[in-house]
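Chain naming follows the written order as A, B and C, and within any one chain the residues start at number 1.
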Amino acid sequence: MNKKWLSIPYALWSLIFSIIPIIIITIYSFCKRSPYGKIIYEFTLDNYKQFLEPIYLNVLWRSILLAAISTTACLVIGYPMAMIISKTSIKKRNVLIMLFVVPLWTNFLLRTYAWMVLLRDQGAINQFLIYLGIIKEPLQLLYNPGAVVMGMVYNFLPFMVLPIYSVLSKMDNSLVEAAQDLGATSGEVFRKVIFPLSMPGVVSGLIMVFMPAVSTFVISDLLGGGQTVLLGNLIQNQFLVARNWQFGSAISMIMMVLILIAIRISSKYQDEEGGGLW
Amino acid sequence: MVRKLFKRGYATLVYLFLYLPIFFLILYSFNDSKYRGKWNGFTLRWYEELLKDRAIMEALYNTFMIALLAAIISTIVGTISAIAIHKMSSKWKVVFMNVTYIPVMNPDIVIGISLLALFVSLNMRLGFVTLLLAHITFNIPYVILAVLPKLKQLNPYLEEAALDLGATPMYAFFKVILPEIMPGVITGALLAFTLSLDDFMVSFFTTGSGVNTLSIRVYSMTKVGVSPKINALSTVLFLGVLVLLILLQKREKNLNE
Amino acid sequence: MNERVVGLKKIAVILVLCMAMVLFSGCGQGKVNEKGYYDTLNVYNWGDYIDPVVLEEFEEEYGIKVNYDTFANNEEMLAKIQQGGNDYDVIFPSEYMIETMIKEDLLQELDYKNLSNFKNIGEQFKNLPYDPQNKYSVPYFWGSMGIIYNTKKVDEKVDSWDILWNEKYKGNIFMLDSVRDTVGITLKKLGYSLNTKNIDELEKAKEELIKQKPLVKAYEVDNYKSMMIAGEGAMALTWSGDAMLLIDENKDLAYTIPKEGTNLWFDTMAVPVTSKHKKEAELFIDYMMRPEVAAKCAGYVKYATANVKALEYLPKEEVENELAYPKGNIFEKGEVFIDLADFTTEYDRIWTEIKSH
């Protein structure tokens, strides 16, 4: 039976809500700006040239750096966690995985805000350390890049653990056993068998964490105290405060291209349809 | 033995990290002070005031309504599209999969601003409808990605057999195919619901006057001081989710027995 | 399997019901009520800038439901109005923003037939340069900027902006996450006009702020309040009304207006072009100018009201507090912001540079 027509609603939907919006901001990114922020439909490269100024390149560099640090931290923390979970009994597994998903059902902003309360000078962590006598004066935990990285790791860790877990739990155990039978040490088994086989999950995880981390503005806004400006803050500022949609669009385009490149590089580890994503 | 202990310790630490802020969020919902940091004694007044706060209640209603509707609509559209994509020639499949990946691989902020640009250039009034459209847009791909693997596992002769036996295509779909791919559909629906519920970025850019979701309310409150009422609300939500999950687990157990 | 199909049908029925519900509840709004008013009003104001009771009483009196949204700075509000797609009826811009919005045709002219309470507004707040005949706006609150500091942590005399650059208070200083304000007081510190369009002066201010950055705890607009109350941080750049509110909560705090001069500001009420219900918007503005309503708001947010009749309803010590209600010619105390037109982008650029340094 011919079922092609079934794809028509989705094709239309994607055209209107995914493709056309991106075309619109592509056009904006090449437009001029009137003194009061109105869009003038005349071709210019100024918006992209503006991005090449040292301030903005600096923001770009810092965003990539912070996102890379957070992504690495998520991998280092998340991989062992996924392994531990995948080794437990099926019954326990479901509970442990659910425990990773439940925080996602409380609100993202609330979770980030909760960290603000924990990290401030009179927050629980500082008070606890003072109570233990480890420190006398409260530590400056909030409002620095470290706090931003922590917020990213906290919010995005499940996106690293879940895909890796799903690959690990489906992994054929006989391969591991075969390697062991052939005399491989547990370190070798991990390096040569388990890790390479879990690559699709790792790659999905890396993308799922890096992408929101490089584009966030809320975490840097709340936990960075306005001192850490990331690409997301820049875009948000251009659209909602500075009224320079053209420049904001140009930054978005640059960010999109960047992410596409990152995905291209990593896609050789993915299945053709990226089934390892979830 | 040491290894096992180490593993257990590690897992505990990670879960502690995940739940510590939530614990304090809940704790402060019982704190008798508007300002955080200091513990001023136990109270339930924030729960009382929560019920009276119309703005929060409206935001809550919008959040759930949008998550529910977006999840339902995107599950239906997504499942149908997944079936269509599954049957396509590989050339078209590549085209459709690439399109499907646009909202998945695009940062939320870009989805948000590009949809804002679309709605504004169409002269649409920003509000409930635009929020819903935006949420459906970023939900559909996840449903497709959840359903496709199940379709791949499906025995291709199953449907033919049903049709040969005289079932109408509709009947074959509902009686034969759908039950087989149901786990994927449910995963997709749950995923869509969760993503909608937790979304801030896209909603932030696509909402208009007077229509707020919980995330947007909380964000504007972080600029003027978050009321402990919000803590009370998150406690209720958190416990609600927990109870729901426990019930589901129990039911599964019963079914298995 | 049959059961599953039945389950599906149930889901389908629920779905249809849900959709119908949403559609109908959508229809519930947007009608004219029995008092002849359109039944919803969208108000867009600064965070924490009104007594919520006042809104409830307005709703009760006129049967109009108020949707109340907030913004964190003038620029954010302007962006929303200019972008369109929403229908805000009443907004609360500051004076320089009124100027910008008039130039951009974003405001509707007010009809004074509907604003009988305008007589309650003090004469010195009427017909100011930003809106010479009050064609588009009526004053709401006014005030100054200054430094709020914790007397337990700061023992020296605070009378100059220089103290915000004092190494002693490293990591204990809050600045406002608001371009014009933070850059403005830096220009004042350097002895320039806070409306400067001289790029060299602006660059000097930028260098000053970059020098100051290691000392700053956060660029912020509101969380610093609860932190100052809790005794965290030594000092913060703040607006007069917030300062009064904080001092009420923590007696160790004090407020001062530095000798180099400050910014004198006026926040107003206006009807943007996005409003389709000007009559109800004016009804709301007129209601806000009733002396007892204005007094309630002033008592709640602690800013100085421009409504002289309202002063009679306020506690004497509040009205006589010179930090909140400076005496004499207020225009000698500070400079009022004016619209910078296309020079705004320069301010925006240096602000990004400072924050991302």
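As a working rule, a contact is a pair of C-beta atoms (placed from the backbone, for glycine too) under 8 Å apart; a residue touches a chain by one contact, two chains touch by 3 or more.
Remember, it's a predicted structure, so these values are computed and weren't measured experimentally.
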Topology of the chain contact graph, where touching chains are joined (line, ring, star, complete, other): complete
Chains linked by the largest number of contacting C-beta pairs: A-B
Interchain centroid distance [CA atoms averaged], subunit A/subunit C, Å: 34
Euclidean distance of C-alpha centroids - subunit A vs subunit B, Å: 17
Separation of mean Cα positions, subunit C and subunit B [Å, integer]: 34
Subunit B: positions in contact with at least two other chains: 36-38, 116, 222
Touching two or more other chains - residues of subunit A: 116, 120, 122, 239
Junction residues of subunit C, two or more chains touched: 223, 230, 232
Complex contacts: residues of subunit B adjacent to subunit A: 7, 10-11, 14-15, 17-22, 24-25, 28, 36-38, 77-78, 80-81, 83-85, 87-88, 96-97, 99-111, 113-118, 121, 133-134, 136-137, 140, 142, 145-146, 148-149, 163, 169, 187, 191, 194, 197-201, 205, 214-215, 218-219, 222, 226, 230, 234, 237-238, 241-242, 245, 249
Subunit A residues within the subunit B interface of the complex: 1, 3-7, 9-11, 13-14, 16-22, 24-25, 28, 77, 80-81, 84-85, 94-96, 98-111, 113-118, 120, 122-124, 154, 157, 207, 211-212, 214-218, 222, 232, 235-236, 239, 245, 248-249, 252, 255-256, 259-260, 263, 273-275, 277-278
Subunit C residues within the subunit A interface of the complex: 73, 75-76, 78-80, 82, 100, 103-104, 171, 177, 213, 216-220, 223, 227, 230-233, 341-342, 344-345, 348-349, 352-353, 355-356
Of all residues in subunit A, those that touch subunit C in their complex: 35-37, 55-56, 58-59, 62, 116, 120-122, 138, 140, 142-143, 225-227, 229, 234, 237, 239-244
Residues on subunit B engaged by subunit C in the complex (per definition of touch): 35-38, 55, 65, 68-69, 72, 116, 119-120, 123-128, 130, 174-175, 178-179, 182, 208-210, 212, 220-225
